[in-house]
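Here chain A shows up in two complexes: once beside chain B, once beside chain C.
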Partner chain A sequence: MITIDALTKAYDETVVVDHVNLQLPDSGVTSLIGPNGAGKSTLLSMVSRILGADAGSVSVEGVDVFKAPSKQVARKLSILRQDAHTTARITVRELVEFGRYPHSHGRLTADCHAAVAEALTYCDLEDLAERPIHQLSGGQRQRAYVAMVLAQDTRYVLLDEPLNNLDMVHATGLMQLLRRLADEKGKSIVLVLHDVNYASVYSDRIIAMRNGAVVHDGPPEAVITDHALGDVYGMEFSVHTLGGDRIAAYFR
Partner chain B sequence: MPPREEHTIVLETEAEPASEPDGARQDYAGGERSGFALTPRQKRVFVTLALLLAASLVLFLTWDVNGHWDFALPRRSEQIVALVIVGLAVSTSTVVFHTLTANRILTPSIMGFDALYVLVATALVFMVGSATVAQIDPLVMFGLNTALMMGCATAIYQWILGSGERGLYTLILVGVVAGTFFTSLTNFMFRTMDPNEFDSLMTTLFASFNAIDTTLLWIGGGLLLAGVVVVFRLVPRLDVLGLGRERAITLGLDYRKTVTWLLLVVALLVSVSTALVGPITFLGLLVANLAYQLTQTHRHSVNLVAAGLVSIIALVAGQAVLEHVLDHNGTLGSIINVVGGLYFIGLLLKEARS
Partner chain C sequence: MKLSRSTVAAVAPWVAAAAVLPLAVVSVFVGAANVDFGALWSDEQSRQLLLQSRLPRTFAIILAGAALAVAGLIMQHLARNRFVAPSTAGTVDAAALGLLTVTILTPGMAVMGKVLVACVFALAGTALFVMLIQRVQFKDVIFVPLVGIVLGGVYAAIGQFFAYRTNLTQTMSVWMNGDFSGIIQGRYETLWLAGGVALLAYLFANWFTAAGMGKDFATNIGVNFKWAMAGGLSIAAMVTAVVVTTVGAIPFLGLIVPNIVTMILGDNLRRILPTTALAGAALVLVCDIVGRVLIFPYEIAVGVIVGTIGSAIFLALILRKSNRYAAA
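Up next, the complex of A and B:
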């Protein structure tokens, strides 16, 4: 369980995350949705200690992410962000091997090689393993980074807008992969999504944020409704049930 | 999923060699790459560099001796030791600094580290007075300078680099301004200084490739060794840092602590090279980038060694050519700055276009 307690971040006068209290589960897929500037990514960055908080605390299974040694946190929680691409010349396999750093500190053990091989297989990357990552397509590269996080083998996996720049084939492929991770490996996947329908179809729980605060929180049936989505985004939604999924239309 | 089998067949039968990207070939024999395992390409590079190094050492030691071996050899050996120390200090500090700032254009010199060392040395004489300085052992003086420099540089540059989010051009701008500022402060102190103090400062401060400060050779060598040992111990962390600040933190690297250590080492190495031969702005940029192009890897163990070899070869061969072909018409420092400066502008233009 990740416990977020009164977490706050402000830039000058603008409060981006405002006293957020949340408990993230230790399994399943949890999506964070909300308009731009709602504070979703900032919240995720603080939970993963990449960004310092102005007030409040975050603990992962009782370990304070800001105070505990970084190594200890790195064995419990990993994050994948849409940050600048790596300039280093590095192959997919080498990238995935870096995921073992919290466990091995640069000296790969037999366990590490097994974990790397498994992560590559799981993400369908065996054929690409020796390719430099700068030669891959966006979807392949995203899978390589997911494999790295997988090799890190943490219970909690946070992803900040992992579907950015992916076409629908790769976006759906990635969501299926994340769902499998939660179901087969019992991991807790927490991700920021812009597409409410991916959130609706793949999540166990959806947390909606607006202006730095959590405004709706619950299973898709509770959050993917005309009223709740309208409240979060300030526009008209009409939610339909298609083959058992709740799909929101918002194009007109 | 895309039709993966077809793709594999293409790669294996090489039915379409043109479509296969250059680096796609399997360079590694397997997944085992701990320690210092090399790709065939890197092995060729290291063998070539080792041969070039041997050739340039022999050339430097034996060229135009005319039988005066007892005069030439000790003097030239001393020069070589100095060039090796400077070469390694510059290449190591530059490669480390590149990873620290997440780019391959900035070097400690461009960011004003050399200028800061000169400023610290000047300020020390300025404060203490030449009469006192004259009584202090030059080695103690050098130690004092270096310690002060490590403190100042780490504090200042930790602040300048911030949390690692400033862009390349901001850093270049800040570096140029900082360098100019340090130099102006130094010049200001020169002007207000007692002429005797100025004189004593000149003799210690203005070493160059033609006037290497050999009194500092052994202490410089010792400090270099210490710095290089620390860097090689930090190689796994450097590799992780090469993925970028955020990924490094995610992987459990203590970012602040690592950056502080690395800045301390960079300041130490810059102190050593500046004390021996004075500021050399563009050598690091030149040799580090040449090494990256040769090795084509992100691994610091490989890049540090390659950059060190390139650096020593450039200095030793350059000095030999300068002394015997150009007959001392010019200095190695100015040649390096012309070549390196052009390369720097080229890199900037390339960066601006991409």
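Up next, the complex of A and C:
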């Protein structure tokens, strides 16, 4: 379990994450939704100790992420940033191998090679494995980063807008993959999504943020409603049941 | 047939090593005074020449070339800019300033003491550069090394001011212009330290690759970004300080060698570090041999030759349109 306690971040006078208290489960898919600027990325960055907090604390299975050795945290939790990009000329495989660093310190073991191969397969990257990442399309590169996080093989996997740049085929493929990781490997996937319908179809729990605070939190039935979505985003939604899923329409 | 990248990467260090070996042999046997192969065991004078002058010189060239290339590789990676190197980040000028400071204040200090002071100055001077470029929001590819060159100019100007007042301008210019002609046994051994430090860099290569991918990337996999930065810059500063103190700066070497190697082999430091080191050694060997035969029996300092070739390649690299990946 990840316990977030009164977590706060402010830039100058503006509080962008405001005393957030949350408990993230130790398995399942949890989606974070909310309008631009709601504080989703800031929250996820603090939980993963990439960004320091102004107040409050985060602990992963009792380990304080800000105080514990970084490598210890790196074996429990991994994060894919929203704007992960690099100019380094390394191959997809080399990138994915970096995911093994917390386990192997750079000397890859047989387990590491197996994990890398598995992550590449999961993300449909075998054919691209030897290509330099700067030569890939945006979506292919996004998949390479996801594969790296998978190779890291942590119980908690945080992903900030992993569907960025993905076409429907790969977006749906990735959501199915994340669902499988939660179901088959018992991982806890926490991801930021802008497409509320992906959140609705694949999540066990949806957390909605607005202005730095959690405004709705519950299973899809509770959050994917005309009222709750309207409240979060300040526009009109109409939620329909389609083949057993709750699908929100918001196009007009 | 197009060779796969991993094949190229696997053979590259061997190719580089195969280039260094014959060059080293040529380097040992080229010179104003003849070393007679056959007479080596019977002729005491030939043997002395070999042991006291020729071999030390060749070792010095290999160590300095390899270590400087490695320093440049680490710096360009940590700065996330392919034009950042000891000679474009103020490191060399800061080291020379440190050396000048010891020479003025405690002229009798042992060479290791001088190296350490130069290293502290080089580190401080480079750290100031890193702080400056972290402040500027507009991280243009060319702008970043320009800041470094200007900063280096400031260090050099301060140095010149004091050198002029203490009659050390001549000495200063010796530090700024690498030359192996004065190398004899007993005068180059500090360079082994540079070689050792470069070897240390190999052990931590993964840190530097991770740090070069960005702070968040490094943090996520449990690499301490600050330590990686501090460690990498210390290695670069130490190497620069040793080389400037012992043989004088070899301008642009730390810039062009890593650029050419990474262009072919990519940026995985652990994989490319040996090739970079060997290529650096090979380039300095070639330039030194050329310098020795061009106006035989006189010599052109290696710094002049590497500097000439290096600045031309530097310009070519800057003008290359496809070099957009140099941006941070």
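The working rule: the second predicted complex is superposed on the first by the 251 of 252 C-alpha atoms of A that agree within 3 Å, B and C clash if a C-alpha of one lies under 4 Å from a C-alpha of the other, contacts with A are read in each partner's own complex, and residues count from 1 in each chain.
We take it that a contact is a pair of C-beta atoms (placed from the backbone, for glycine too) under 8 Å apart; a residue touches a chain by one contact, two chains touch by 3 or more.
Just so it is clear, the structure is predicted and the values come from calculations on it, not from any experiment.
On the shared subunit chain A, the superposed partners chain B and chain C overlap sterically. In the superposition on chain A, A:Phe98 contacts both chain B and chain C.
Of the two partner chains placed around the shared chain by superposition, neither chain B nor chain C is touched by A:His240. When the two structures are aligned on the shared chain, A:Leu108 is found in touch with chain B, with no touch to chain C.
By the touch criterion defined above, A:Val73 reaches both chain B and chain C.
Once the two complexes are overlaid on the shared chain, A:Asp124 sits against chain B while remaining clear of chain C.
Legend: residue contacts after superposition of the two complexes on their common chain; A:Val116 is shown touching chain B, with no touch to chain C. In the superposed model, A:Arg252 lies in contact with neither chain B nor chain C.
More residues of chain A are touched by B (comparison of chain B with chain C). Looking at chain A, you'll find residues 48-50, 69-75, 78-79, 81, 84, 86-91, 94, 98-99, 101-102, 105-106, 130, 132, 152 touch chain B in one structure and chain C in the other. By the touch criterion stated above, chain B contacts chain A in their complex at residues 1, 4, 7-8, 11, 21, 23-24, 26-28, 31, 33-34, 102-104, 235-237, 239-240, 242-244, 246-247, 249-255, 296-298.
Contact residues of chain C toward chain A in the complex are 4-6, 77, 80, 205-206, 209-210, 212-217, 219-224, 262, 266-268, 270, 325-328.
By the touch criterion given at the top, residues 48-50, 69-75, 78-79, 81, 83-84, 86-91, 93-95, 97-99, 101-102, 105-108, 113, 116-117, 124, 127, 130-132, 135, 152, 173 of chain A touch chain B in their complex. Considering their complex, residues 45, 48-50, 69-75, 78-79, 81, 84, 86-91, 94, 98-99, 101-102, 105-106, 130, 132, 134, 152 of chain A touch chain C.
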